[in-house]
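The structures come next, written out as structure tokens.
In the two assemblies presented below, subunit A is common to both, partnered first by subunit B and then by subunit C.
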Partner chain A sequence: MDNSVLLKVNQLKKTFIKKSGTVFNRKKTEVYAVNNVNFEIKKGEILGIIGESGCGKTTTARMVMRLMEESSGEILFEGNNLCTIKNAETNRLRKNMQMIFQDPYDTLNPGMRIVDILMEPLNAHEKNLPSNEKLKRVIEAIESIELKPAEDYLYRYPHQLSGGQRQRIAIARAVILKPSFIAADEPTSMLDVSVRAGILNLLLDLRKKMGLTMLFITHDLSTASYMCDRIAVMYQGRIVEIGPTKKIIQSPSHPYTIALVSVVKDLNYFIENREKLILDGEVDSTRKDTGCTFVTRCPHQEKVCHSKAPEIEALGNGHAVACHCHSNWLEKTS
Partner chain B sequence: MSTVLSIENLSTFFKTDKGIVRAVEDVTFSLEEGEMLGLIGESGCGKTTVAQSILRLIEYPGKVVSGKVILNGKDLLKATDDELYSLRWKEISVIPQSAMNALNPVYTVGDQIIEAILLHEKVSKSEAVKRTKTLLELVGIDGERQKSFPHEFSGGMKQRVAIAMALACNPKLVISDESTTGLDVLTQAQVIALIKNLQKKMNLSVILISHDLPMVTAICEKIAIMYAGKLVEWATTEEILNNPKHPYSKALLNATPNLSDPDREVVSIPGSVPNLVNIPKCCRFHTRCPYAFDRCLNESPELREVTPGHYTACFLEGDKNG
Partner chain C sequence: MEKQKWKRYWNVISSNNLGLLGISLLVIFLLIALLAPLLAPFDPTARVGAPFSKPNGDFLLGTNDIGQDILSELLYGTRVSLLIGILAALISIILGCLVGIVSGYYGGKVDSFLMRLVDLVLVIPFLPLMILLAAFIGPSFWNIILVISLLSWASPARVIRSQVLTLKTKGYVEAARSIGTSIKVILFRHILPGVIPIALSQFVMAASHSILIEASLSFLGLGDPFTKSWGTILYYAQARGAFLTDAWIWWVLPPGLLITTLVIGFAFTGYSLEEILNPRLRKER
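Presenting the complex of A and B:
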């Protein structure tokens, strides 16, 4: 593996079985939450995953963080396959990989003081550190997230902090072990706009100072474009487009990305051209694994889209798209 | 153009164990015929309370303590219950936040709209059926689908059914309180597109309540910005974008990432929203305002017209007359 790559995900898959129906007539449907996902993240890079609710962003992150078993596929971290690795080794790697969750209200134990919350990872992974050293690390971590002076916050409980401050503590907890990789799952979506910017800048700052590599999940394209070097667009379990942020914003190539970009870039254009950009979707409970997942809403579909799933295809400069027809209709519209 | 709705010095408080929550205080703005006004502000700033006060839906321990809500010349706060009942749906209606709550799962969507029409207007059943079909088609749903149940529709379609229902009795004013929150971005945009097109087609006046500043600036003619229960600025969208007056409005614009300008650094607003319980007289933004001075701590700035049609409540901004 190219040693500038920190994380590489190959053909990652997660299938859930959804049960429905009555006791006598149980129906089992397979939900392809994550379906043959491939990506890699270089050291020091921020890769964004965007996509609508339920498209598989969190499931992807949870598998990478080993909080969930994959159905199949491999996850290579520093060249080690996390899916087959032994426990002792996982423990060492886990120290290097941390996650920040969406909800700053749920992720901090309400019965613990900030100092205890931040001591916990040190007690687990840095057992041999003397306790005054540990306290020093805790104070450093709190100051690194711009809560100063740290002493003012050490003995508070989470409910004595604002939402933005709580999310900062969650970030401090993630960085206290000096990990090389962080997966941030919508770290600002529960926060008000006025405090969001602070969290985003904090993460960018930590990357600069600690050389962090990041997987950044969001459903907001503007936030993704502010944060990420590259963006992967997911739709129903698949990556439909991936590339450098500038490419995704300036020359989106998948019909889903195009619609998404036009909404955020120029809502009035979208309003006037809605039918050309997206079809009205309906509930699709009987999703089959044939054809393109976007076919029910795609205005550019052709016959092949219903029978065959498009493979991801390179367009050059690290930009790739999974659409049978992108070349046809890109010509038509340009 | 004529004024459809004007809200004058509206104050709505809630009584709690800890004291009085001054959730909405001294709010003034108005809406012209055919206009779409975006009412924005962060969580808890009082947007829903304003909407509920307009419709007199505030319940104990809340109370509208003062002000006027004038709809076509009539003060809704003084109207009798009967008068109010006849105005709702026919003059003014609400698109609720969650279509799941608005629609009853055990009746077909058609039956629900038909019932709403029959309840509020003296028309025959067949007339109501016909209108329901037209309404569904207006929101882009096949009229034949009126026999479907809510669960047979996607989230975006259910939200569109809720819009059709809000329009059932041809209201002139529609209030949408975060009616697209929770839908995914594209579905949200489809619903917003629908509201925008209906506004133009039917000359509706719309109050669009949202916390999504970019969305509101894209489609509303005017914007009213609230902060901690106060209206801090009210002007045309162009003015808000190019010439914001209130320090909070400026800060809000700076805090919002913008796709067309991803390299611009976004800046957070330090501090947090004040507690509205027994909040003393002051500018409620003073704890976070970089320009705050003595007066801001002791006096509450009034909303004033600083240039024609541009209103703000900040001591730094003089009257339009100097």
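Presenting the complex of A and C:
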């Protein structure tokens, strides 16, 4: 494996079984939450995954963090296949991979003080550190997330902090072990707009200082374009387009991405082309695995889209898209 | 640090009238139980007066059918009732916590099995079985405790399981897993503290329940006839016809009132303990 790649995900798949019918006539339908996802993250890079609710972005992150078992596929982290190693080994590796969760009101135990919350990772991975050394690490971590003076926060309970401060504490908990990889699952979506920028800048800052690699999950294209080096667009469990942020924003090639980008980019363009851009139709994740998943809502569909699933296809410069006919209609529209 | 913590707990309790009342009641009963030999004017097993005396200067609550002082009986009875209540409740809560936490956290087949067991215990007609068991294994102090706790762990187990199920999906439990915290630590630091307020309120209910059950078993004559609990006093009062004469005022009413007061004391204490263990219930001051 390439040395510069920290995390590589191969053919990752997660299916849930949906039961229906009576006792005698039980039907089991497979629902694809994540379907053949491939991506890799280089050291020091931020890869963004964007997509609508239920498209599988959080499921992907949870599988990478081993909070959920995959159905098939492999996840390589620093050369270790996380899907096959034992639990004890996984726990050891968790020292290098940490997660920031979406809801700062839920992710900190309301009965624990900030100092106990931040001690938890140290107690799990650096048991032998003397307690004054641990306290020093905790204070350092609080200072690194720009809550000063740190001593003021040590003995508070989470309910005495604001949403932004809580999220900062959650970030401190993730970075206190100095991990090499962080998965951030929509870290700003539950926060007021006014504190979002602060949190995003803090993450960028930490990345610069600590050389962090990040998997950044969001449903907000503007957040993603601000944070990420590369963006993967997910739709119904598949990555439909992946590439450098600039490429995705400036020359999106998948009809879904175009719809997303146009809303943010240019309101005038969006209003003029409403019919072409507004996505109709239903999202049905139980449908059979023939044809393109986007076909029910795609404005440019052709015959082949109904019968064959598109493979992801490289366009050069690290940009790739999964669409049968992107070349045809791109010419038409431009 | 520790001292501060206890001071804060005391502040929470003392700012809550009900809690203060509950704790005072329990403390009073505890003192009565501990100091019974000093407080009681007579030995409760000795025949000290004429049978069926009305209350008078010597015997504040009169005497029973064989001339024992009822007040002394009541004071000593506190010991038995309190001890049986607390011990039986403690055993059933520990059992319930264990079953509830294991069942809730591990889920799957373990959960199904344990919950069917709980269902089994819950659907058994409570009082008849209790009477049967008490009659079968014979009346003694420990047997009563055994019977009560054997039949009352199931509903706390169910309540605690449901609490564990909601705690398990909390973000901080998931965060602890993603940090790499071991299951043992997760259960002790994240699940157990969330369960304790509920376990406490269940303990309070179980304790008052146990006291009531002990009283009813003894009242039916299935308690240990040689230990003097409030239930046995009621049993003898009933057997000697005190319910039909004026004697109910000093022979039946006092033990009944004591049982009620003790149960109320437990309930009020439970509320304020809940407030300590769940910071979000605290009022801002």
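The rule is simple: the second predicted complex is superposed on the first by the 318 of 334 C-alpha atoms of A that agree within 3 Å, B and C clash if a C-alpha of one lies under 4 Å from a C-alpha of the other, contacts with A are read in each partner's own complex, and residues count from 1 in each chain.
Assume contacts are C-beta pairs under 8 Å (C-beta built on N, C-alpha and C of every residue); 3 or more make two chains touch, one makes a residue touch a chain.
Fair warning: this is a prediction, and the values are worked out from it, not measured in the lab.
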Clash or fit, subunit B versus subunit C on superposed subunit A: fit
Which of subunit B and subunit C A:Ser225 touches, first, second, both or neither: first
Subunit B versus subunit C as contact partner of A:Asn201, first or second or both or neither: first
Chain touching more of subunit A, residue-wise (subunit B, subunit C): B
Which of subunit B and subunit C A:Met99 touches, first, second, both or neither: second
Computed vertex angle (subunit A) for partners subunit B and subunit C, CA, steps of 10°: 80
Touching partner for A:Gly164 - first (subunit B), second (subunit C), both, neither: first
First (subunit B), second (subunit C), both or neither touched by A:Val193: first
Contacts of A:Val23 with subunit B and subunit C, given as first, second, both or neither: neither
Minimum C-alpha spacing, chains overlaid - subunit B and subunit C, in Å: 9
Doubly contacted subunit A residues - partners subunit C and subunit B: none
Parts of subunit B lying in touch with subunit A, wherever the complex brings them together: 42-43, 140, 152-154, 156-157, 184-187, 189-190, 192-193, 196-197, 211, 213-215, 218-219, 251-252, 254-260, 262, 265-269, 272-273
Footprint of subunit C on subunit A - complex, ascending: 65-67, 91-92, 94-95, 98-99, 101, 103, 106-112, 120-121, 123-125, 157, 159, 170, 173
Partner subunit A, residues of subunit C touching it in the complex: 170-172, 174-182, 185, 189-190, 193-194, 277-280
Contact footprint of subunit B on subunit A as seen in their complex: 52-53, 162, 164, 192-201, 219-223, 225-226, 245, 249, 256, 259-261, 263-268, 270-271, 274, 278, 280-283, 297
